[in-house]
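Please go over the structures that come below.
Each of the next two complexes has subunit A plus one more chain, namely subunit B in the first and subunit C in the second.
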Partner chain A sequence: MLQSTMLHIQARQTFSRTCNFAKRYLATAAPSKIHVGILLKRNPVILRKLTEFEHAYYTYRESLEQAESRPFHREFYFKKGSTAEQRWLDAQDAAAAAAERLEGGRTPLVQPRDEELAGLETAERVTEADKGGDVKSLDRALERTLYLVVKKADNGSWEFPAGPLEGEEVLHEGATRHLHSEVGSSLETWVVGRTPVGHIAAQDKKTFYMKAHILSGKIEPNKRFAQDFAWLTKQELKEYLQPAYYEQVHKMLAEF
Partner chain B sequence: MHARIATKSTRSVSSQRGWASHLLRRQGTFLPNATLATTATVPVPSVQEPPVFRARLEEHYYNSLLEDLMVLTYDHTSPHASLSHLSKTRDWNRRLPETPLQSLFSVPVERLPTVPASETTTNILTLENARVKDVVLKRKFRKGLFNPIDYTTVLKEKYDAREDAPPPPPYAPLPSRLPIVSKVMLRIWSEAAVANKTILLSAIMSLQSITGVRAEPLFATVGDASKKIREGMPLGARVELTGVKMYEFLDKMTQCVLPRLREWDGLNPVGDDNGSITLSLPSTAIGYFPDIEPHFDMYPRLFDTDIVIQTTGKSDWETVLCLSGFQVPFLKERVVAQEEEVEDANDPWAKFRKPKTREERRAMAEKLKKMHQAQQGASKQ
Partner chain C sequence: MLPTTCLRRAIPIVKTRNPAGLTSGQYLAGTPSSTRYNSSTSNKKVKDVSGADKRYQLIRDILYSREVPTTQPKPIPPASAALFTAPVATDPANPQALKRDAIERAWAILKEREAVAKVQELRGMYESMRSAMEELERTDRRLFEAAKVAADREEVVVFPRRLRVPTDTPPLEGWDYDMKTGTR
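Let's look at the complex of A and B:
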């Protein structure tokens, strides 16, 4: 009984000592402000161009498949004497004249040209924005990921949009709110989850970066925060961002 | 050397093959996947055959979706999420070997196949015959295990009870742990083929058209005299898709077919909690596939198709998350069969009621477990 009372008193003393210690420690360290940064990205729009080796490999595989495939049963897919059958046969005859013979004397099958699709033109992989180097356009570098950077109003350096959290809001709420205030409220974005993808700890503040996708809208930079903006790939960001800043953020960015 | 004894099971297997042998594809020479030395630990499920083209969904997954999945599934409390643990994993320290092509294509002589794999083989020593075949075993103890010592029977629930599945591995932000679609299986089962088995040709053709892969016929494993079904009768067809063909099929389904389904708002986000989720397309929906629509009249009959999408997700939530990234629509809320509210302890008929749904069976199994534990506790005291 005496032993348990002694232990209890010891525990209480230890607890109060640690409390005082904690109070003294915390009193000297100033609470750091939490800022939220936004990594707004536009995903690739088109597939990347195949390398020479890949192109050769797929061409080779396709020719093998054509050569080894089972014969095409025309009578199953087309009714005898129908216009669809005639169209298909004309397309094969036209292709046979131009194409080279495969093993077994078969020519590769072709699809007849569709009238609906005849009027369509495929868009260019290299757009006007690419040729003009218009970094404000989202139509540039269609096969790459583009990130939004803004030129800060106070020191003119290029950085990702960032700002302090207000009130009791959490990171993903603060990200949307700050993004709208910095680059315009007509944006439609999707913040990926509630977990930040990276952080930068400075002396007075910690900035946690939230990843977001742009769905639609126009960037209208708010003069209070940002003088200018640009949509850049990871390689271009290396030239625009400060080297120290780039070192801290480049691992958050997708390679392609 | 063991001669193959002609048993009843082997006879039925060969007769099945005889019926469908003209539909089975002649297999060319190939190296089994297991013999290729791979260094990659990025989720790359075994491929059906080398790709002929590049799948856009696959590129989308590796370029954009994988990152988002990592962020959305991140769990900082997981012991495997810390940097100190990650830096010791194999994924983190992945390095290409000094001669990558050599190690990729070199196969030890012991592991080379002795002859090219072929179904028309008479040599019983070939790899083809050495492989364990998937034989459907007959269910022997249908009426419960009979204990001859004291003439008691074991309840079916207790006899069929299995150990609980191990808990899923803890979260780690590594590509090998994140969910990816691994397989898609399509299945048609039609008891109308009892009367006329040639209608199955239409089933097999439709599966082949929409997938680009030869379908295999499915045979009845149990007979039912009232429906005139005999064991071994061909009544369905199935096809398994992996790799590029799987992504193409998913692409066609999400872009062409699912948007045109009537009175359908999305998949039920309930799977088997281990990465699989099922979807049943009505026969009208099969006609929306771009491979079938132009030649719709050439298919005498289209069938309701069950589609099972298998992912490497470790729970329903991960599966749904992964598939949402491929634009598969889901319902906002899970639709689960409601348990009957008759949980009366004094109900004399309770023990005779058979559990119908998976939830009821689970509840029954848990109740039995608790009773058993209570009994054990009572006997110990």
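Let's look at the complex of A and C:
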């Protein structure tokens, strides 16, 4: 009697285990195809400009610091009659003419101007690409993060580059391979880790997006996949992407 | 001879105040640097001694300087307890405090908004990543296992050296379209 119950229990366990195994196997062999998408971003090249309030606040705090600080004893830091002392005094004289008085009749201390640094050539923060609104240029919007979007060849909609996985490759390997096939190989990229940053689940396919940075190079769209391309900020992407598509991808984009 | 010099060195050098009330440390605005600043060293009565003594004297002058900042010092306990009970100045008779508190409150509001926005952005990114991994687990176990960042793996995600840090101004040559740095 006991033996038959034991056998019955064992049979039930085996049956349920087989069912689970079949479920998992069937799940992996599901009809939905897996695509890998690439969120290629160009990081900001320059630091953000301070807002008027930020600039005013920092100036206010600096003036407080100057007013509340203990006096600067120049004979401790400069040898008497040295050229460094003279250079420092000249800088204070020059600043005294322009600066306002602090409380107590003191003027703020200034550093002598480093002639070598002042003579360095610097590039403009606002480039021609900014003025011309050239969305294909990587010199545009230097303060912002730019994302690559392509105009799909089949339906003409703007999307992030994406394509099916091939063979036994994994997501981050497929991302590099497909990116080079879609936008050319004359670019240096870095895919961040192995984990996808977002996904879109459609009826026929599921696309998992990998984040990548572009370090150098240019985009040469492959006509088979992409008619056109653009480098856009998150706010501009809202105009270009389909609303439903934007809703699903906007969380993985950086605000600034 | 010897005892007298020792005695002389042992006497602390008294800083003499000049008639203008300036000490050696104060820099008076508007005065051209060519004029001699009244300093205690010039009025010193004691004979010039070795360089080491001068430095000690200088440090002593600085440490025990009579000059103090002319703005209100910050209160020390228990007077600072008032800051916790009334953190914002309300007395209209003290316009400086009102101004200072208004500025600091505005700054705090700005920083709070920035922090909230940053947390929201990061939360959105995290949720997006999490739901992608959950979907991947349901869809394809092989890819899911490969996508996991497990503690038992040896490989560590490292940043490429050429990932540039933002600077005040962009590079002179602009964006490197020809991948020149890669060929160096």
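By definition in this document, the second predicted complex is superposed on the first by the 223 of 256 C-alpha atoms of A that agree within 3 Å, B and C clash if a C-alpha of one lies under 4 Å from a C-alpha of the other, contacts with A are read in each partner's own complex, and residues count from 1 in each chain.
The definition used in the following text is that a contact is a pair of C-beta atoms (placed from the backbone, for glycine too) under 8 Å apart; a residue touches a chain by one contact, two chains touch by 3 or more.
The shown structure was predicted, so the numbers you read here are calculated from the model rather than taken from an experiment.
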Contacts of A:L47 with subunit B and subunit C, given as first, second, both or neither: both
First (subunit B), second (subunit C), both or neither touched by A:V197: both
Which of subunit B and subunit C A:A254 touches, first, second, both or neither: both
Subunit B versus subunit C as contact partner of A:Y77, first or second or both or neither: first
Which superposed partner A:E62 touches (first subunit B, second subunit C, both, neither): first
First (subunit B), second (subunit C), both or neither touched by A:A94: neither
Per-residue contact with subunit A, leading partner among subunit C and subunit B: C
Subunit B/subunit C common contact set on subunit A: 43-44, 47, 54, 68, 76, 192-193, 195, 197, 254
Residues of subunit A touching subunit C in the complex: 24, 27-28, 30, 32, 34, 43-47, 53-54, 57, 60, 64, 67-76, 86, 89-90, 92-93, 96, 101, 103-107, 109, 121-125, 127, 137-139, 142, 165, 170-171, 186-188, 190, 192-199, 201, 206, 208-209, 213, 215-218, 250-252, 254-255
Residues of subunit C touching subunit A in the complex: 24-30, 32-33, 39, 41, 58-59, 61-62, 65, 67, 69-71, 103, 106-107, 110, 117, 121, 124-125, 127-129, 131-133, 135-136, 138-143, 146-149, 157, 159-160, 162-164, 166-172, 174-182
Residue numbers on subunit A that touch subunit B, as the complex places them: 43-44, 47-48, 50, 54, 58, 61-62, 65, 68, 76-79, 84, 145, 192-193, 195, 197, 211, 254, 256
Parts of subunit B lying in touch with subunit A, wherever the complex brings them together: 28, 50-54, 56, 59, 63-64, 67-68, 71-72, 74, 76, 205, 294-295, 297-298
